[in-house]
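What follows are several structures.
One chain, chain A, links the two complexes that follow: it is found with chain B in the first and with chain C in the second.
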Partner chain A sequence: MSIHVNQLTKRYGNFTALDDISLSIDDGELVALLGPSGCGKTTLLRSIAGMEFADSGNILLEGRDMTFEPIRHRQVGFVFQHYALFNHMSVFENVAYGLRVRPRAQRPTEAAIRQRVHELLDLVQLEWLAKRFPPQLSGGQRQRIALARALAVEPRYLLLDEPFGALDANVRKELRGWLRRLHEELHVTSLFVTHDQEEAMEVASRIVVMNHGRIEQLGTPAEIYDTPRTPFVSTFIGNVNVFRGCVRNGAFHSGSWRLPLPRTLDTLHLAEQNAYIRPHDIEILRGPAADWEVRIRHVQPMGSRYHLEAIPVTDASAGPGPETESGRIMIELTRQAFKTLALDVGHRVGLRIHHVHWFHGATTLQ
Partner chain B sequence: MSHRKTRLPGFGLSLGITVFTLSLLVLIPLSALVTQSAGLSLGGMWHALADRRVLAAFRVSFSTAFAAAFTNVLLGLVVAWVLVRYPLPFKRSLDALIDLPFALPTAVAGIVLTTLYAPNGWLGQFFTDWGIRIAFTPLGIVVALIFIGLPFVVRTVEPVLQELDRQQEEASTSLGASRWQTFHRVLLPPLVPAILTGFSLAFARGLGEYGSVIFIAGNMPMKSEIVPLLIVTKLEQYDYAGATVIALASLVVAFIMLLVVNGLQHWTRKRTGQD
Partner chain C sequence: MNSTTHRQIVARQQADETPLVRYLLSLLAMAIIGLFLILPLVAVLVEAFRDGWQAYMTAITDRYTRHAIGLTLFTALICVPLNTLFGVAAAWCIARFDFPGRSLLTTLIDLPFSVSPVIAGLVFILIFGAQGWFDGWFAANGFPILFALPGIVLATMFVTLPFVARELIPLMQQQGAEQEEAAIMLGASPWQMWWTITLPRIKWGLLYGVILCNARAMGEFGAVSVVSGHIRGSTNTLPLHVEILYNEYQFSAAFAVATLLAGLAIVTLIAKSIVEWRQQRQWESASS
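What follows is the complex of A and B.
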């Protein structure tokens, strides 16, 4: 049950919601559409569902052109951020709805409907709520019922629009794992929209990162995180320190600090260049042999990890320090490393940089 | 009498005002009605009511008010739908237009409608061609009552329609429902309580309406004479007891019907988990 999107474009007045989007999703995948609000991810999802129609381009479902088919004929199950349950129907009737509205010839018998609904309620582990009404349920319960309702019609595609966006952090975390396990069980091709990178990383087998109506990168969570293709991806997924500077004489210079460049890049001369460094790619050293020296200004224990903020230490003779966006450098340590180094606010320590993402313009430099 | 302390302030004061207003404006006048008619014996009351002309007036009043309220539900639903769901030019003016029947002196409405729907009137002439007479028949009464009652339905349905979650409709179509199924299974049920309220308001107003109806009705005894007019006629003949008995009977029947509608409303709310 593959999905192919070819050069889809959609404008609202002057605003381009989708800008020449092409995308292929294979049968049985669980893919996340990730991006900031207004990036076009929901428009893309709704276009695939048939709730919106693009200005140009087409959508193939299982190889068939469905660009202008109404949603009824697309066999998609859609889950909304705010559940969109039918409040005047019991939970049972909500789940049974898709079966009851079938044309008479295809409609299952009452007994078959009953059995199917109970199977689905069992699947979402909410059998005991069958007689209740949606307003009497918690958010997490409602969303699980909404999912059961969508699954009742045996959709070929499951499309979820920020399914956990309206839920508490704890419930959200629980439902993420649950959704992934459900997908492993059912293997229905699924596409979900989220603005939460952690959610995308945790649930999806592949992630589509979108910004300004375009696809910035498409890849597995590991690919997206380890080898971001654009500065946007690097800053949007996970934390990153951005050092502004330039490239000359085979090295990157930011203020008085310099970093050697990888061999493939050292012939370049660039007046403006940024270095993107993840907080956990910075090692803290006590004593000499460090690339850079900083003073620790803030320590934030985050459970298994420690987040540190440091400011550059510069001598008057060496000139100004490096230029970062916040003036501070974010460093992330494991609890173990933090304890071993016995660090505290005010300490002066050295830094060693282990990995840098380099981008030229909007693309990556390898 | 004791009541638990509540966190809402002003319970005593607001209850006092409520009881005072209700007594002064509703209960005392209504009980005056009862005491007035108590002057008649039961046999006398029966005699006053069982008159063929009175019964005919009741039939005309209730059937026209019911027909008009029912038509208003259908029309009002469509009007409210259009006002809420479609982007229209001059939407605000259109919206204000809905309330106009409230503001217009009813006699003016009656005269205008009569002029239009008279057999030789602007609109009436076309109906005459079809052999349909509107003015000076019960049909004319229905037309007047539709005019008077429409805002009740529109104004009660509109806010509920505005509150409806449009994604429920999208959810319905994504599950394979046709437009009609989406309408009557998803859209209509939440509107039913508001529709019933609008219906009972329009119906009650229709029963009591006098000014607009007497011009268009023709007021022929046994055919197009309404209860309020009959009461006025009795009063003009100094038959105060007869007038109050008719008023009382009309009141009781109306009260029972409104009670039934309210019960129906309660039942639908309960059945659909809204209570």
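What follows is the complex of A and C.
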């Protein structure tokens, strides 16, 4: 049950929601469409579902061109951000709805409907709510019912539009794991929209990162995080320190700070070049052998990890410090490392850089 | 704003006023209600029974009165369903689709509210009258519009056109289209979606609009007066009949017939309150 999107473009007046999007999703995958609001991810999802029609390009489901097919021929299950449960029907009737509206010839018997609904309520572990009405349920329960309702018609594709966007943080976390396990059990090709990178990383087998109606990168969570293809992906997924500077004499310069360059860059002279460094790719050292020197300004314990903010030490001898976007350098340590180093606010420490992402224009350099 | 905070605000405002001001304001409000709402109602009843029960019964079972009742009911029977249909269709278009002329349509629906009913009646005279655009063509061909049932129906339709649409547009806009989209995604046909999702969700608002539309259809005077011709036993609706009786100095008969309209108003008010209460409950459950 594969999904192929070919050169899909959609404009609303002057606004380009989808700009030449091409995308392939294999049978049984669980893929996240990730991006900031207005990046086109929901438009893409609704186009695949058949609720929107693109200006050009086409959508193939299982190899068949479905671009202009009506919704009911696409066999898609859709889960809405705000659940869209039928408030005037019981939970049972909500789940049964897709079976009851079938043409008479294809409609299951009442007994079969009953059995199917109870199976699904069992699957989402909410059997005991069958007689309640949606307004009586919590947000998490409503979304699980919405999912059961979408699954009732045995869709070949499951599309979820910010499924956990309206829920509390801890309910959201719980449902993420639950959705992933459910997918492992059912193996229905699934596509979900989110603006939460953590959610995408945690649930999806592959992530499509979108921005301004374009796909920035498509890959597994590890690929996206470890080898971001564009500056946007690097800053949108996880935290990153962006050092502004230039390239000359085979090295990167930011203020008085220097970094060696990868071979692809060191022959160039660039007036403007940024270095993207993840907070956990920076090691803190006591004493010499450090690349740079900083003073710790803030310590934030985050449970198993510690987030630190540091500012460059600017001595008369050292010259001006590097230029970062916030003026501060974010460093992330394990709890273990933090305790071993016995760090505190005000300490002057050395930094060693373990990994840098370099981009030339909009593309990555290895 | 939920009702708890609303009550708190009201309570705070009450506390700000001195008892004397509160007392005077309440008294003033009650005096106004008594003078303008209760007193006329009482006057209608008193005048209707001035000549006794017998005279009252005679007046309302009079041949012409019965005909006027029939005509009024018949007119409402045509106008209310048609305007319900139109109102639902218009609200559907305006709340669910974006199309050129959408705001113009919204404004036009309000036109009958902003135009004096007399003008509305005169417009129909202008169109269908002997010196009008059609120069009496319809009448000459055996299908008179003015001073006949079609004219009364047209005038009533015009005047009562906004009620259902006005009630449904904000309701449907507030509800949004998501549940309808969900129904379609689950394989429902548009027709199934309408009967199982859209209609149950708007039914109280719809009923409220229909009740108001009906009350106005039965009580309309101005526009109907202009086009009807006041032919007793033929084109006389209840409100017109009251006027005729009054002009003929048959005061107690006029008031007797007026009690029928007053009764309609009271029934409408009760029905309206019940529907309002149900609708409020539905809104609360929808927004929780």
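As a convention for this text, the second predicted complex is superposed on the first by the 363 of 366 C-alpha atoms of A that agree within 3 Å, B and C clash if a C-alpha of one lies under 4 Å from a C-alpha of the other, contacts with A are read in each partner's own complex, and residues count from 1 in each chain.
Throughout what follows, a contact is a pair of C-beta atoms (placed from the backbone, for glycine too) under 8 Å apart; a residue touches a chain by one contact, two chains touch by 3 or more.
A quick note: this is a predicted structure, and the numbers were derived from the prediction, not measured.
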Quiz item: Based on the superposition on chain A, does the combination of chain B and chain C result in a clash or a fit?
Solution: clash
Practice problem: With the two complexes superposed on chain A, say which partner A:178 touches: chain B (first), chain C (second), both, or neither. | Solution: neither
Self-check item: Which of chain B and chain C A:225 touches, first, second, both or neither
Solution: neither
Quiz item: Touching A:90, do we find chain B (first), chain C (second), both, or neither?
Solution: first
Quiz item: Is there a shared patch on chain A that both chain B and chain C touch, and which residues make it up?
Solution: 49, 51, 71-72, 76-78, 80, 82, 84-88, 97-98, 101-102, 133, 135, 146, 149-150, 152-153
Quiz prompt | Parts of chain C lying in touch with chain A, wherever the complex brings them together | solution = 178-179, 181-189, 192, 196-197, 200-201, 285-286, 288
Quiz item: Contact residues on chain B for chain A in the complex?
Solution: 165, 167-168, 170-178, 181, 185-186, 189-190, 272-274
Quiz item: For chain A, which residues count as touching chain C in their complex?
Solution: 49, 51, 71-72, 76-78, 80, 82, 84-88, 97-98, 101-102, 133, 135, 146, 149-150, 152-153
Practice problem: Write out the stretch or stretches of chain A touching chain B in their complex. | Solution: 49, 51, 70-72, 76-78, 80, 82, 84-90, 97-98, 101-102, 132-136, 146, 149-150, 152-153
